[in-house]
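Each of the next two complexes has subunit A plus one other chain: subunit B in the first, subunit C in the second.
Up next, the complex of A and B:
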């Protein structure tokens, strides 16, 4: 116990992130299940509006801030990056330990917020003036949770940028990095630049609510839209903090399982990853298309938002292209990755009408938006975390999970999420609004809501199977081969499973013609 | 950026502006609801096409490049500089062309939605937690219980503000919504083409009864509407009290005029 709490080993810290983020995923997932059961029929079934709103708030905030971001940039980055670049550890191991402590404090604080008399009910967006003047919930719990997670992420960003810049194994050039490493770099650059803006937004909210300031109070010269602008200035790029590492995981899995080089690697890195980082910061007003901003800026950001299709398109071409003339072995991780093509395609393409200001005057704040971002951000990135756990399971535990159980759980999960969200796309276009505890004005949507709930139950079952597979595999699983996927990446070729303290007995020397995605010479 | 690409950008932006600004406001009864449905159809075709191409290619690769021998490795292409640039620039230009097409048609519809036709009837909307007031400008006010009563075939513009949290006024039938907040007046307009009752509802989260902030838009024939808005003078004069009594007296008439009671 003690050697886990006080550890400075990046691998253990990674595992601590995994455990914390899966815990957040489980609680937030149960909330979602409750929400879906409540919506099986119009009217109140068994969750009153105020409790329902707290559940919605918790589901959104926990899934994004405490599961997806820490799962990808905490767990996977921590565990894999030092191994992939041939380093003994991260640049600042103690700061790394402090980051995971902050993350755990935030998780505890978030759970505590459910135990206090007036839990926050302000949605993960915390829009003012509801959150600052009219909600009876304790918005401060939201603010402090965001502060802690944000601080944790900023420390992580500094740490990992320094690690990749200064601690690459001798000879390891920038063009010899695993694709996943590049996506993590992009994600952390975004975090470093934009988190302070989010922190400022929620801090001003806190001041307005508890100290009587008037940043967002129009009567006293404040402005309501200022909050929305600050919030989305971070929170749109945050989508790429999640999406980029997810694509990184898929790219590494495909390259390994198809034993094929990344299709057009340099273009995917510079045009794809860094194109997303650059363009992604200039599109946030697409979250404010209906909020009364000046017409010219709504039109301007429609153009920039549509142009996002270029870097994202390049990334997708590289994902699909890496299969071309490959030799694909279908592990469970590869099943998740193949399914992600579908998720990214549906989620990405439904983003196009939402980029268009005029179509969004109807679609905004409906189930169409909700289904869209669950596909592209929620489920795609969740599948990336799951694929990551499965793919590097033998590395982390030295043991094998049960492959057929993994594929069964994956199949159920995939069927479940499609069953949840396809009906919601349809009734979203017909006008079903988000964040409704009741839909008595739209009784015709009941059938779709009902099927969606069945999907949620299937997902819950599949999640239990998956977690059981991980736990039983880690305890009783058969010993894994040293390099079960035949990878050429450093974490598989130069260290044992699981790697001991310090990772490598001897830091590998990298020759100029080596590449972590190059299989044709093997 | 060299001169040429600046020029190219300018031309693209200018043509975009030209298409976007095109025939804005043309036509007496500009029905943006119909235009929304048309554009939605086009966009579905557009994204459906991209989806089918990518989906088929990915499925084909997944099936046909399965591993057959244990010692097999991938033989993905190695690109020269020119080839790799071609694989970047050609797709980029295809995507960009589609983006500009979508942006131009989106802008056209946007102008339809945002340029209020002359002579539109104005209704002042006040939102609060958790009800709406519709003020028709001659002292007549309805709430969400009674509904928003509008004449058939005449454009209606809503000037909107909130007394507390942010709300959003959404009429799914007319494919339009806009937020209301304190400190700003926002607007939207729509053309009630057919008589009938259509749901309006709040689409910006506003607390406990967020999902209960709804009512009906009641579209009635113009003549009936005029009679409701300006009842014949003698009857009003005969009424014992002015003001409130007048508004109350008017409400049943509206209920009766609408095809079905709410």
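Up next, the complex of A and C:
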């Protein structure tokens, strides 16, 4: 027990991240279910407006900050990166333990906000002046949750950049890294540079609310838009912190299951991953199209927002190209990956009208925006986390999950999310505003809302099946073969399942013609 | 690439101190802050601080002790890790400066009404103190490289005295200004002034804390060269930031 709670081993820390982020996912998912049930009919059904706002706050903040980012850059990066690069641990194991416990205590703090008097009700964005002047909620819990998770991520970035720079196995060159490792590097560079800006934004919010300072108070010479700029300066790149590792997981899964070299590897690394990192910092104003920004910057950022489809497109071309002439096996992870093509397609296409300043005038603050980002960011990345858990499940536990149950849960999940969000796209275009607890003024949307809620119930059922599959597989599952997918990557070929302390009996020596995605010789 | 691979563990490694430090932060910061400022319960805040602060001290002290004891096995990535971390720190300062520029450049009258004259003598003295402390620390590092522990400890102490004097100047200046009615929330100028100089002063204080973590094992004759170099790098960074603070806040 001591060796789990106080562990500094990257694999155990990875598992701690997994448990914490799935717990956050479960609670935030229950909030979403509650919200959907409330919206089944106009008027108040079960949830009073005040509680509804707290649930919206918790759902957004927990899903993004406590599930998606830690699930991808905490759990998957921790578990896989040292194994993939042939290292015995990360560069700073104790700082790694510090990071994971900051994350856990941040979740405790977020959960406490459901129990305290005056819970925060300021959405995950914490927009001023509501959060700093008018809300009677405890905004400080929001601020400190962001601080703790942010600090945890910054230390993670330092840790993993040093790990990949210094601790690659002898002979392992930069062009011989798993694609997932490259996407994690890109994600952590973004975290390192942009999280401090979010930390500053919420700190200034804290000063304004509790010390009466003037940052966001127009009467005293402050500027409300300053908060929105600082906030989205991080929070748009945060989308890529989530998207890049998600693509990385899909790429590794596809390459393994289709037994194919990653298509256009170098172009996808330099143009795709680093193109996203570079351009991703210059698109944030598309969140402020209707907030009163000057035209020159709105038009400029409309262009950069449209341009970012080029590096993202390079990544998608590589995903699809890797399938070409592959001999594809369909595991549950591969099913999730295949489904994500659909999610990325729809999420990406619905992003184009939102990138246009003129069309956004109509679409801003409607269900259309909400359905768009749930498709492209929320569900795509969630599927990546699930695909990652399934794909590396035999590695982590040494046992097999139930493949049929996994595919059943995946199918239900996929049907459910489409059923939730397709009606919302439609009523979004027709004018249904986001965030409303009651829509008595729009009775025509009741049927769509009802179907959407049915979708949410299906997703909840599929999640129960999936988590049951993981737990029962880890405890009673049959022993897994040493390399069930026939992968050539180091974590499968050179370590036990699950790997012991120090990972490798001997650190592997890498020859120049070896590649983790090269299957023509295998 | 190959360095640091000589040692492969054969048992599960663990450490008590990261979790203890995080628990301390959890009690002292979010719970302590919210009890006092949100709920106005100073009793509760005191209890949380009473739990949190000792935990932080135990965590940091134990962590440093482990680090110094294992100094021979540390592969020395820290001197790359710290500059990477400093990129993050720089971005926080940049965000604060950007906010200050937004406040200042979008207003017609600067400084706004209610701002007293802020003297330029104290910041000049502070500049001299902080710059010389960078040199005294470097002198200490040179002594350590030459194997002169006594000289190292002397220069380290001088550096710490200079750092403490810098913080003292800040406290003096603040109390003087607060006495004139210029507090954190007075106007846009006070907001920018206290948050930027205060954030910098907190970094100087953190640097002093790191120096204490260097000094205590040094008094027992133990030195982690990584810690010494890292502390120095951090201190020089804080010094460089001060030039931006003093030029933007006082002399513009």
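Operating definition for what follows: the second predicted complex is superposed on the first by the 522 of 522 C-alpha atoms of A that agree within 3 Å, B and C clash if a C-alpha of one lies under 4 Å from a C-alpha of the other, contacts with A are read in each partner's own complex, and residues count from 1 in each chain.
Criterion: a residue touches a chain if its C-beta (ideal position, glycine included) is under 8 Å from a C-beta of that chain, and two chains touch if they have at least 3 such contacts.
Quick caveat: nothing in here was measured; it's all calculated off a predicted structure.
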Exercise for the section: Would you sort A:281 into first (subunit B), second (subunit C), both or neither based on which partner it touches? Expected result: neither
Problem - Which of subunit B and subunit C A:105 touches, first, second, both or neither - result: second
Exercise for the section: Tell me which partner A:493 touches in the superposition: subunit B (first), subunit C (second), both or neither. Expected result: neither
Practice task
Using the touch definition from the top, say if A:472 reaches subunit B (first), subunit C (second), both or neither.
Solution key: neither
Exercise for the section: For A:193, select first, second, both or neither according to whether it touches subunit B, subunit C, the two together, or no partner. Expected result: second
Problem - First (subunit B), second (subunit C), both or neither touched by A:223 - result: both
Practice task
Could you give the residue numbers on subunit A that contact subunit B in one complex and subunit C in the other?
Solution key: 222-223
Problem - Complex contacts: residues of subunit B adjacent to subunit A - result: 16, 20, 36, 39-40, 43-44, 46-47, 50-51, 54-55, 57-58, 61-62, 65-68, 72-79, 84-85, 87-88, 91-92, 95-96, 98-100, 102-103, 106-107, 109-110, 112-114, 129, 164-166, 168, 170, 172-173, 175-179, 181-184, 186, 188, 199, 201-212, 214
Completion exercise
The subunit A residues in contact with subunit B across the complex are 49-50, 53, 121, 123, 127, 129-130, 133-135, 218-219, 222-225, 258-261, 263-264, 266-267, 271, 290-292, 295, 298-299, 302-303, 306-307, 309-310, 313-314, 316-317, 320-330, 338, 341-342, 345-346, 349-350, 352-353, 355-359, 361-362, 364-366, 429-431, 433-439, 441-442, 519-520, 522
Handout entry: subunit A contact footprint on subunit C (complex, rising order)
Key = 1-5, 7-19, 21-23, 25-26, 29-30, 33-34, 37-39, 63, 66, 75, 77-78, 80-81, 84-85, 87-89, 91-92, 94-96, 98-99, 102-103, 106-107, 112, 184-185, 187-188, 190-191, 194-195
Exercise for the section: Could you please specify the touching residues of subunit A with respect to subunit C in the complex? Expected result: 2-3, 5-9, 12, 87-89, 91-95, 97-98, 101-102, 104-105, 108-109, 116-118, 138, 140-141, 144-145, 147-148, 154-155, 157-159, 161-162, 165-172, 192-197, 199-201, 204, 207, 210-215, 220-223, 226, 230, 501-502, 504-505, 507
